[in-house]
Amino acid sequence: MTGGEASPGAPTPSDDSAASVAPEVPTGSDGPVASATSEGPAASAAASEGSAVPPALAEWTKSDRQIRREADLRRRARRSTSVATASTIVVATVLIVGVTASPGWPRVQETFFSPSQFVDAFPDVWRGFLLNVKIFLIAEPLILIVGLVVALVRTLRSPVFFPLRAVAVFYTDIFRGIPTILLIYLFGFGIPALALQGAPSDPVTLGIIGLVLSYGAYVAEVFRSGIESVHPSQRAAARSLALSHGQTMRYVVVPQAARRVIPPLLNDFVSLQKDTALVAVLGPLEALRQASIHAAETFNYTPYMCAALVFIALTVPMARLTDHLAARTARRQMAGGHL
Amino acid sequence: MSLLTVEGVWKNYHHHSVLRGIDLEVAPHEVVCLIGASGSGKSTLLRCVNLLESIDDGAIYLDGSEITDVRIDPDDVRKRIGMVFQSYNLFPHMTVLDNVTLAPRKVHKVRPEQAEAEARELLARFGLADKAGEYPDRLSGGQQQRVAIVRSLATQPRLLLLDEVTSALDPTLVTEVLSVIRELKDAGMTMIIATHEMSFARDIADAVCFLEGGVLLEHGSPEQIFTAPEHPRTRGFLQRVLDAGRL
Amino acid sequence: APANDTSTASPGGASPAASATCAKDQLPLTTPGKLTIGTDKPAFEPWFKNDDPSNGQGFESAVAYAVAQKLGFTKDEVTWAVVPFDSSFAPGPKKFDFDVNQISISPERQKAVDFSQGYYAVKQAVVALDGSKFAGATTLAELKDAKIGVQAGTTSLQAVQRVIQPTSDPSVYNQQIDAISALKNKQIDAIVVDLPTGFYVTAAQVENSKIVGQFAATGETPEEFGLLLQKGSGLTSCVDKAVGDLKASGELATIETQWLTGSAGAPELK
Amino acid sequence: MTGGEASPGAPTPSDDSAASVAPEVPTGSDGPVASATSEGPAASAAASEGSAVPPALAEWTKSDRQIRREADLRRRARRSTSVATASTIVVATVLIVGVTASPGWPRVQETFFSPSQFVDAFPDVWRGFLLNVKIFLIAEPLILIVGLVVALVRTLRSPVFFPLRAVAVFYTDIFRGIPTILLIYLFGFGIPALALQGAPSDPVTLGIIGLVLSYGAYVAEVFRSGIESVHPSQRAAARSLALSHGQTMRYVVVPQAARRVIPPLLNDFVSLQKDTALVAVLGPLEALRQASIHAAETFNYTPYMCAALVFIALTVPMARLTDHLAARTARRQMAGGHL
Amino acid sequence: MSLLTVEGVWKNYHHHSVLRGIDLEVAPHEVVCLIGASGSGKSTLLRCVNLLESIDDGAIYLDGSEITDVRIDPDDVRKRIGMVFQSYNLFPHMTVLDNVTLAPRKVHKVRPEQAEAEARELLARFGLADKAGEYPDRLSGGQQQRVAIVRSLATQPRLLLLDEVTSALDPTLVTEVLSVIRELKDAGMTMIIATHEMSFARDIADAVCFLEGGVLLEHGSPEQIFTAPEHPRTRGFLQRVLDAGRL
């Protein structure tokens, strides 16, 4: 980690003093190879990728023309923005008034947005939600492992591994095709029914098995597409260094794939977070179940709003994070980087 | 004895042959340049030598033993051959140092400290001492290619294959990479270089091979090939390159 | 039973907005000339028979037709609608005139819907497998450590939580089949259902099972099933009156003995 | 659509006769511009991208060495393949025997795999499934429209559109965050409760509204990422031709984005296909509901297997198609194509 | 009167200025070549002229009227200017013919049949008659760039901007594109060409501008710039290009 701290091309304060209309460029000396400090053409070339020389903004004084132009621009922007804002507000108001003035609104308000019901239900829903979170936290790493292993099996190209690959393909196809809730049913009531020694019978465990197998199939596909999106030249470069297939995967392909699949993976995790609610069919009292118990008791839907809220509180930040990472990845790929 | 012998090598893709019975000998310390139009098979030949492609006929010998034998572990062969590609060379998720030390550590089982010390020495020798901690995307194209060369040197290969290492570079960055290769030649490295830089080939090669349609049409000293090509196709190719202002 | 509920309830909490007459042609019906009765699908025994509410067999089917008759409808003038429990109490227009689905009357629920007076006083019962750990329990206290399963949307859950107060959370299932599967799989120790369902479960659905006992009445008002109507429905008073008439004439009791086993043979849990 | 039928670089039978070790290449004549037929260097350059000249395989006769090598390879492959197959079969057998020999197997078989129950339930489940398909077919185009409109709104960059963009962001965030089943509850029971003139009250319609709004948010994000993945130069090229923002989107960006988003879109549609089952909470008798009715009636889970089967019959081919398209897209992108 | 006038144009990105007060006049039928190292601002200048970037100071006039006025609709300006980029030029989902007729049909409201007839005529003129129905990815790089040039000509622009139209091409494909440009010059098209092909610039340009660090350091005839550059930086740049074998 020596040197390289001052990123070439970025202007530094000390440059300002030296800057002139025609700033100084280190002129090409001997070859870059000979010079141990990597100055000379190589360094200047690197710098010129940013811009020939860091030019400071200091010397630029806005012309009158530009000042007038910007004032003009601001005026125009202000005008159209206010038109847009006004129209949006009008539309929103019409919508809200339309809904609240409807004959059924008081009933709806009472049935869906009753503060007292909300307060009543919240503690139970919250307690249930902690179970959702627990299921999620246990299932997530298992899903990652299953997904990665299956994806790696599917990358094996040699005919020797055909049977293994066939199993992996079969698994991903079938388990992606069946509604998750059905899988949870099947495992939740099927495994205990086998009455096997040592087989789990706890519904939460069984539900997690169902979720892991269902989402594992999805995540395997995500990983696989990530692995395949790594440019083949990277694999060739690794193999040409005499790394084995396993080493190439481990050190070169998977680390790069992992970064690329983070956004779709997080997407799947947002869904998983919501699908933890499906474990309810096996009996556990998670958030949605708690909400439905309250709703059935009082014939009021507010507890569902309560559940929606706790879910949103977790999934929205996660979705935003996903978007952010996806945008960053996209920007990176645009920048290209690779020679 | 020659270091590398390519004997009647054929390579087919689907319905056409990309290499059509290539014969080539490379002596130790010799620098061979492959020239020819796009698609003539230069890259494919290099990839076959490095066993990144299986061949469909013929044989390749390194240090006298056949490396295309089915019983040979390709990784053992690749340990002795370095290769640098036109693009997507470096591992973008690793620092320059990690790029360079990966193979020594994981393949050649060199101790990490030793691998690092050797890598730093090599990097310094090629003017990259202060880039060890950088990630590849912070480097210029020329620097990236220099790192790629250093990386392939770190395992002390017997033979270095260079595949158009400058053609993805901005023209003003080409010089720095070419001078690295010149230095390697002076240090006695055996190299096979696929290139579009005719003036460079003329300057550095001990022998130049002209490929067309997967056939090695002409093989000779640079003077002979560039000034008095025997084959009319070679003349045609050189003429076209000249027209493009690249000779 | 998908939605059999118990809770403290005031019987016959009918709407005061009773229309003066209950003449057939003046009733505000969903479909003119037809009495539309809602229930969930599948409809369970012993409340219905063969998942077909229109055959007049089973306790609730019989009650529904009796009420219809009181309101002046022939069997042909009655249509049935599938109404999942969850949507039976949704606000807004209803696609049924009244819903019969083992729904317990409670003051809280009466804020959302109208009920007729109760047509059946229900008690909860505990069912376990023969020879299981809790099969011999005679008191509620003995059931404290049992893992208990109930069905969602029923008030069995509240009964469990209030009366048994088990140490671990009860398991709540979407459907009775799931609760029973869990019982068979020994994932739970016992299920709590209303007593008629309990009899049906032990007799027809789970071999080697028994009713451990029924809950004692919880003091206050008994838990009763009522017919569910749209909040403020113009039918409420008429339907309520019809149920009252059936009760008074003893017809209701006859129907009950015809279709439901008596509570004898189910010891009370103290 | 004139000419261009014979793809350059592909060998044609007539080439064979002319082919020799040093095949003929049309030598560069005058500039390509002058020659109206586009022969000369341009054509030869195009051809040389495939390979300098179409070399036929005919002249290649396998050497003895190669024949021996291939026999050797086949022998080695056969040996390792049979080892792998054998081990896979052993593992599979152990698994199957383990499960079927378990004490509970007869019960499991009876409860989950009863042929008679299957036959009984199938007609109803199938009838229910047709409703799923109907819901799917109505919801899908609506979702595409909602998703595309929201995505296009989010690409508007001018500050004038800030309020509109804010609405779009709010929509995608919230509706992705709430479990779909909750949305269906909300719309299914909430809209009729408003008792608005002309508001739908049919549960299928309401369920579709819930699905459209939930999936619309997802699909909007998919479209947006597709739009952003179109190289900015494409946009620049279109704008430089004086196409307006709208025209650029319509003729250049969206058509390219649409192709790229087909795989993730199909993925979402596989999920949608499965989530049509959620409409059951509003009452309609779709496949899962029918299965659960049968299951509840007979206390047998076979109807669920029946449902799983009909779902798989639709989702697996769809998933395979998705994979196929994704792979093709990836190959295309690898090939690069764009100069 | 000059066709295009660039007057003291500044362009800033984040924390640095990429164009630093550029002044430039282009007369009708004149061909101006922009040369300079990577990052010197050539592309940015062209993009500013085409209003693909907003400028931060100065003004640009086309045919005597200011096009950088805030009241001007950029699309009206772009109708009169054609531009060809280094890469990602063609719309890959459209045939060559659709690529060429898109702007005439949608922007200039030419009737489809007429647009097609004109497009075919242009394509034929540039040796692409038989490619009209092809998709871009079936064409060679050189053909793609020729189509891109044809596309920008289809709207009969007053001024053509060419941004390193050959630098993504294989050297053997460069010639065909350069000869298209030569033909355009002969036909009297006004052009500004950013290029790394010095020999081409020397050959075709009426005037050559050398940019460095966003400053137009030197502006003169090709003879003057290439044989007797005034500025030491111009000399340094040309020297480096020469070293890379590209002059």
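So that you can tell them apart, the chains are marked A, B, C, D and E in the order they are listed, and the count of residues begins at 1 in each.
One rule holds in what follows: a contact is a pair of C-beta atoms (placed from the backbone, for glycine too) under 8 Å apart; a residue touches a chain by one contact, two chains touch by 3 or more.
All of these numbers come straight from a predicted model, not from anything done at the bench.
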Contact distance in steps, from chain B to chain C
2
Of all the other chains, whose mean CA position lies farthest from chain B?
C
Where centres are the averaged C-alpha coordinates, which chain has the largest centre distance to chain A?
C
Decide which interface, A-C or A-B, involves more C-beta pairs in contact, and give its chain pair.
A-B
For chain C versus chain D, what separation do you get between their C-alpha means, in angstrom?
48
Chain D-chain E separation of Cα centroids, rounded to whole Å:
40
Just curious, how far off is chain E from chain C if you go by their C-alpha centres, in Å?
82
Which residues belonging to chain B are in contact with no fewer than two other chains?
37-38, 170, 172-173, 175, 240, 243
Touching two or more other chains - residue numbers and ranges from chain C:
86, 90-92, 174, 181
Can you list every residue of chain A that touches 2 or more other chains, as numbers and ranges?
41, 45, 48-49, 104, 107-108, 111, 189, 192-193, 195, 231, 301
Let me know each pair of chains that touch one another.
A-B, A-C, A-D, A-E, B-D, B-E, C-D, D-E
Residue numbers on chain D that touch chain E, as the complex places them
1-4, 7, 31-38, 40-42, 45-46, 48-49, 231, 233-234, 236-244, 247, 251-252, 255-256, 259, 335, 337-339
The chain A residues in contact with chain D across the complex are 77, 80-81, 83-85, 87-89, 99, 102-105, 107-108, 111-112, 158-164, 167, 173-174, 176-182, 185-186, 189-190, 192-196, 221, 225, 228-229, 231-232, 264, 270-271, 274-275, 277, 288, 301, 304-305, 307-308, 311-312, 315-316, 319-320, 323, 326-327, 330, 334
State the interface residues of chain E toward chain D in the complex, per the touch definition above.
47, 50, 52, 74-76, 78-79, 81-83, 85, 87-93, 95, 102-103, 106-107, 124-134, 136-146, 148, 151-152, 155, 168-170, 172-173, 175-176, 179-180, 183
Chain B - residues contacting chain E, complex
37-38, 170-175, 196-197, 199-200, 237, 240-241, 243-246
Within the complex, chain D is touched by chain C residues 41-42, 44, 51, 82-84, 86-87, 90-93, 174-177, 180-181, 205
